[in-house]
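Labels A, B, C and D are assigned to the chains in the order they are written; within every chain, residues are numbered from 1.
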Amino acid sequence: MSEPHTSPPPGTQAPSGSGPLRLQAEVLESERVAANHRRLLLRAPQIVTTAQPGQFLHIWCHPPEEIDRPPSAALLRRPYSISRLRPPDGVEILLRVRGNGGRLLAAKAAGESLDIIGPLGHGFRISPGLSLAVIVAGGIGLAPVSFLVERLGGLGVRVILLAGAETDEKIPFRVERPQAGGATLPEMEALGAEVTFVSESVEGVRITEVVQARLDELPGEGAAMFAVGPRAMLKRLAEIARGGLPLQVSLEERMACGLGACRSCVVPARSADGASYKTVCRDGPVFDASEIDWERLTP
Amino acid sequence: MSEPHTSPPPGTQAPSGSGPLRLQAEVLESERVAANHRRLLLRAPQIVTTAQPGQFLHIWCHPPEEIDRPPSAALLRRPYSISRLRPPDGVEILLRVRGNGGRLLAAKAAGESLDIIGPLGHGFRISPGLSLAVIVAGGIGLAPVSFLVERLGGLGVRVILLAGAETDEKIPFRVERPQAGGATLPEMEALGAEVTFVSESVEGVRITEVVQARLDELPGEGAAMFAVGPRAMLKRLAEIARGGLPLQVSLEERMACGLGACRSCVVPARSADGASYKTVCRDGPVFDASEIDWERLTP
Amino acid sequence: MTKPDLGVTIGSMAMKNPVMIASGIFGYGDEFAGLADYGELGALVLKTITREPRQGNPPAHRTVETPAGMVNAIGLENVGLDAFLRDKLPAALAHGTNVVASIAGDTPEGFAECARSLDGTDVAAIEINISCPNVKKGGMAFGVDAEASAEVTAAVRAATKKPIIPKLTPNVTDIASVAQACERAGADAISLTNTFSAMVIDVEGRRPLLAAGTGGLSGPAIRPAAVYRVHQVAQAVEVPVVGMGGIWNANDALEFIIAGASAVAVGTALYADPAAGNRIVAGIREYLQRHGIRQVSDLVGSIQL
Amino acid sequence: MTKPDLGVTIGSMAMKNPVMIASGIFGYGDEFAGLADYGELGALVLKTITREPRQGNPPAHRTVETPAGMVNAIGLENVGLDAFLRDKLPAALAHGTNVVASIAGDTPEGFAECARSLDGTDVAAIEINISCPNVKKGGMAFGVDAEASAEVTAAVRAATKKPIIPKLTPNVTDIASVAQACERAGADAISLTNTFSAMVIDVEGRRPLLAAGTGGLSGPAIRPAAVYRVHQVAQAVEVPVVGMGGIWNANDALEFIIAGASAVAVGTALYADPAAGNRIVAGIREYLQRHGIRQVSDLVGSIQL
């Protein structure tokens, strides 16, 4: 499972070879899903037919027809994960409003259009023998998880989702705390995942501690871990998982082109030939943990 | 009448000495008044009590609360004439949508606020003996005219308005062409002006030709001309009026501060002491024609 | 935490906080009066003056907006030294904070003459504008050359006991060596940057949009280029540095301070927000408080490379 | 009117229109393929290559957005000459328009080696990158000095018959004299500008935001400063000039052409709009038609001062 995925191993669901598309996607719905978080549903049938979980869209945050006018804020496109597909033609993204780009996107109303390029990058690889997927997600890292859970469910893979955040407000989903048992995310349960959610502010633990505690329960065979979240979390997971579960991680880095051309978004990689950087936008965003040089990866 | 107006002659309605204010004015109404033209009604009681016809507001085109964030387009404020007062607290501006600034202002909805500085500059001076005012306005130059007509009417001055534009669409008012007689502007008639309107595309004449043709009808005593419009029109009027009617003109120039400090918006002036530039924003925008060095004024 | 100390010192000029208004932005300060409490700022640098009044460049146009910036070609229009001393300086001093005069000349002696006349006044310091891109003689012609810059600085040094602050142009290969030359010639501080030489063309008319042909670019657009140069100069000299170029908010000002500026000046931003300086003072104070930093001077040049 | 003629010639390189892609923006052209018809453009300048592969600057971060611009510190990461010739050039040539290779080295001979290897290929011209602000050795270290620039140009001249185009840095006092030195040393054209040295500071962390410390500012922010320099150089040399820096739309491109550029290159804008070059070609054509100008070359340097 830990081969570099420029040539995906047989049986792996590789992104189609047709290359990224640029298109105008109509905003079908825009909805507040939590404090500072919005869900946008876009009409983009071409994305629906080719996208893989873990891939992203590179989005021009201004009206498509204003492409001829240089903006100040959000001059560059912004990368957002594909959060979920809504066949036949819907694509969802979940956004946390951070700066100018997020603000502009959050203000889009149904009926407006977005100029998007995608699907971009390499997503999660699901090997044929997989029977149990442990997804670890932190904060806005939950954005691409629905898509992954659905895909895994469709393939008959059992899914355990271990999610965490500093506070309940830092994720784009509703948190439920039933009388008995721990906190959960009903929307993720509805997709078939077995969910554990911990918020540092309520449960007082970090998701990596939960992962560590539960590692022993997991079967050695047929299991794999998929992680999306802050770098500190991913680093810790890479330690925890070392030598044990196969681990794939989704990384973020500042981008310009989003296509692998400009070499903006590189992360330090381990590789035989000494070429030491890989691009998040094209080689990633999902990497096998073994591809990354975790020592050199800045937090 | 041709004294420089830094110290306004007695009897003249000079702007109050309190200096410009900066305030947040709520947009009370925003209305399309013609192709590419909008009327904004702002709540700004402090302006109502001090403004003079011909003065302007210097407007930050972005939301007031975004002043801490540098914009790209419309970094500088934009000058707009006070078009009309709606006591007790309303101030109207009429805007032709040109570039980024105009576009942003045109998009403001009722309930939003504008960060404005005003009233700025020196407006039209109305000398006590005035009995007939001939207002000549071209295109968007009609913006400040309502305020002037109302003020003159209130003082019992007879007002003849001679207005023109390339096409009917280039002014912020409705044009009416009755069966008998020439084109007129009903809204201006309603304010008490005797209106002649000519559109180059329909009537095939320029407003300056109309002015020239009608100069002889006018009494030599107690009459004055007030002009707002493109520089070419003002230049022509300065020739026509030379030695005859006293003429005041309102000029435009690119501004930064709007306050007289940065010396951006200067126009060549005639003056005894050889100081050769005056600022549109503070010495103007309304000048006595005799103050301007028309030869050196670029078109 | 007790209130952080925002005070900084530039030569013998003690400032209650590190925020100044940049030269040329608000004239001699009278027209902006009332739109903000300028007395609250660390210092006000007035429009550059010359011995004789100047009319500046021809109009139509003198300024033009560009992406996140503006280009100006005012051309040092100013009332001249005498009118400045008589009509302008008293009102500026009435703001109740440090007033810095900015001077220019066609020759080192031209600068010195202005400095000499200012020596007896209450100005707190003198900025030496050897960096105006908008005049043919003097201005940037001095600033692009380390020796010429030093010569002007030395001439001014000989003419006044006031703190003197040469203001540098970014339009040079090696701004640090110009700064060092000025320091050796007796500068008490160095300020930078003035505007970047620039040109905007009216494509429809196939003419420069500015009547002067060319001008100087200022505003947020130049901020990263200005921070770079301030950092270069701060590494190269011992005297304090006054940083400017595109400062719009407290974060921007802090970039300059962390890069090595003891004080900062706000320019173009004032046209949007006459209270930009005050807003920035408040933001710096808030930052210090949030980070538990007792005095702003601890932040100067605190960048970890 | 008949369709206007957009053709221009740079040395022996005939271009169907004056619009290029700037070096480093879209790598070797393969990743952008499919997002626009790059064959429709006048020329494609590929990422600068060096004799040996380079890893470039450390990440986190290599780029950061700034007001109307971006600062990059890629640091000439490239596949090296051999992999370029073997893997990259053939695909680039397949776009069906002029391909310009961009080269750099630590010494004049390093540049010459690259040029020699390119001489036998189908590249239409060679750009000499003596202006990269993001490497310690070579790059801008040459470009800030007229003599060193000429030395590199002469070494490359001796190594190839292809048209050679030194690319200049704006971070100099007198860019016209650097251009003239390159012209005398055998340049067939001059291209400018590369990025402005810049720095962005993470105020919360009190560190540079770019791991390399400093970088180069590009994008609309620098356009007026770039137009100025292109105008200066076009006045000073006889050879054609390739203008760039902040071009976003046809109006911007026309500013450079009217200022004296025979061709223009589009950089940062491509990140927002991969078809920016094509959009600009269309806009230039529309302008020529509207103004009844028969050929774009009539517009070059047509500014009335």
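Just so we're on the same page, contacts are C-beta pairs under 8 Å (C-beta built on N, C-alpha and C of every residue); 3 or more make two chains touch, one makes a residue touch a chain.
Source: prediction; values computed, not measured.
Trainee: Which of the two pairs, A-D or A-C, is linked by more C-beta contacts?
Mentor: Comparing A-D with A-C, the pair joined by more C-beta contacts is A-D.
Trainee: Work out the mean Cα position per chain and let me know which chain is farthest from chain C.
Mentor: Greatest centre separation from chain C goes to chain A.
Trainee: Express in whole angstrom the distance between the two chain centres, defined as the mean CA positions of chain C and chain D.
Mentor: Result: the chain centres lie 33 Å from each other.
Trainee: Taking each chain's centre as the mean of its CA atoms, how far is chain A from chain D in angstrom?
Mentor: Roughly 36 Å, centre to centre.
Trainee: Measuring centre to centre with CA averages, how many angstrom lie between chain A and chain B?
Mentor: Chain centres of chain A and chain B, defined by C-alpha means, are spaced 56 Å apart.
Trainee: Between chain A and chain C, what's the gap in Å when you average each chain's C-alpha atoms?
Mentor: 47
Trainee: Among all residues of chain D, which ones touch two or more of the remaining chains?
Mentor: 67-69, 219-220, 246, 248
Trainee: Going by the touch rule set out above, which residues of chain A reach two or more other chains?
Mentor: In chain A, the residues touching two or more other chains are 69-73.
Trainee: So what shape is it, when you link every pair of chains that touch: line, ring, star, complete or other?
Mentor: Shape of the chain contacts: complete, all pairs touching.
Trainee: Tell me, which parts of chain A touch chain C in their complex?
Mentor: Residues 70, 72 of chain A touch chain C in their complex.
Trainee: List the residues on chain B that touch chain A in their complex, please.
Mentor: Within the complex, chain B contacts chain A at residues 69-73, 100.
Trainee: Within the complex, which stretch of chain B touches chain C?
Mentor: These residues of chain B touch chain C: 19-20, 22, 60, 67-77, 117, 253-268, 275-277, 282, 296-298.
Trainee: List the residues on chain C that touch chain B in their complex, please.
Mentor: Touching chain B: residues 24-28, 30-35, 47, 53, 55-56, 58-65, 67-70, 72, 74, 77, 211, 219-220, 246, 248-249, 268-275, 279, 283 of chain C.
Trainee: Which positions of chain D touch chain B when the two form their complex?
Mentor: Interface residues on the chain D side: 67-68, 220.
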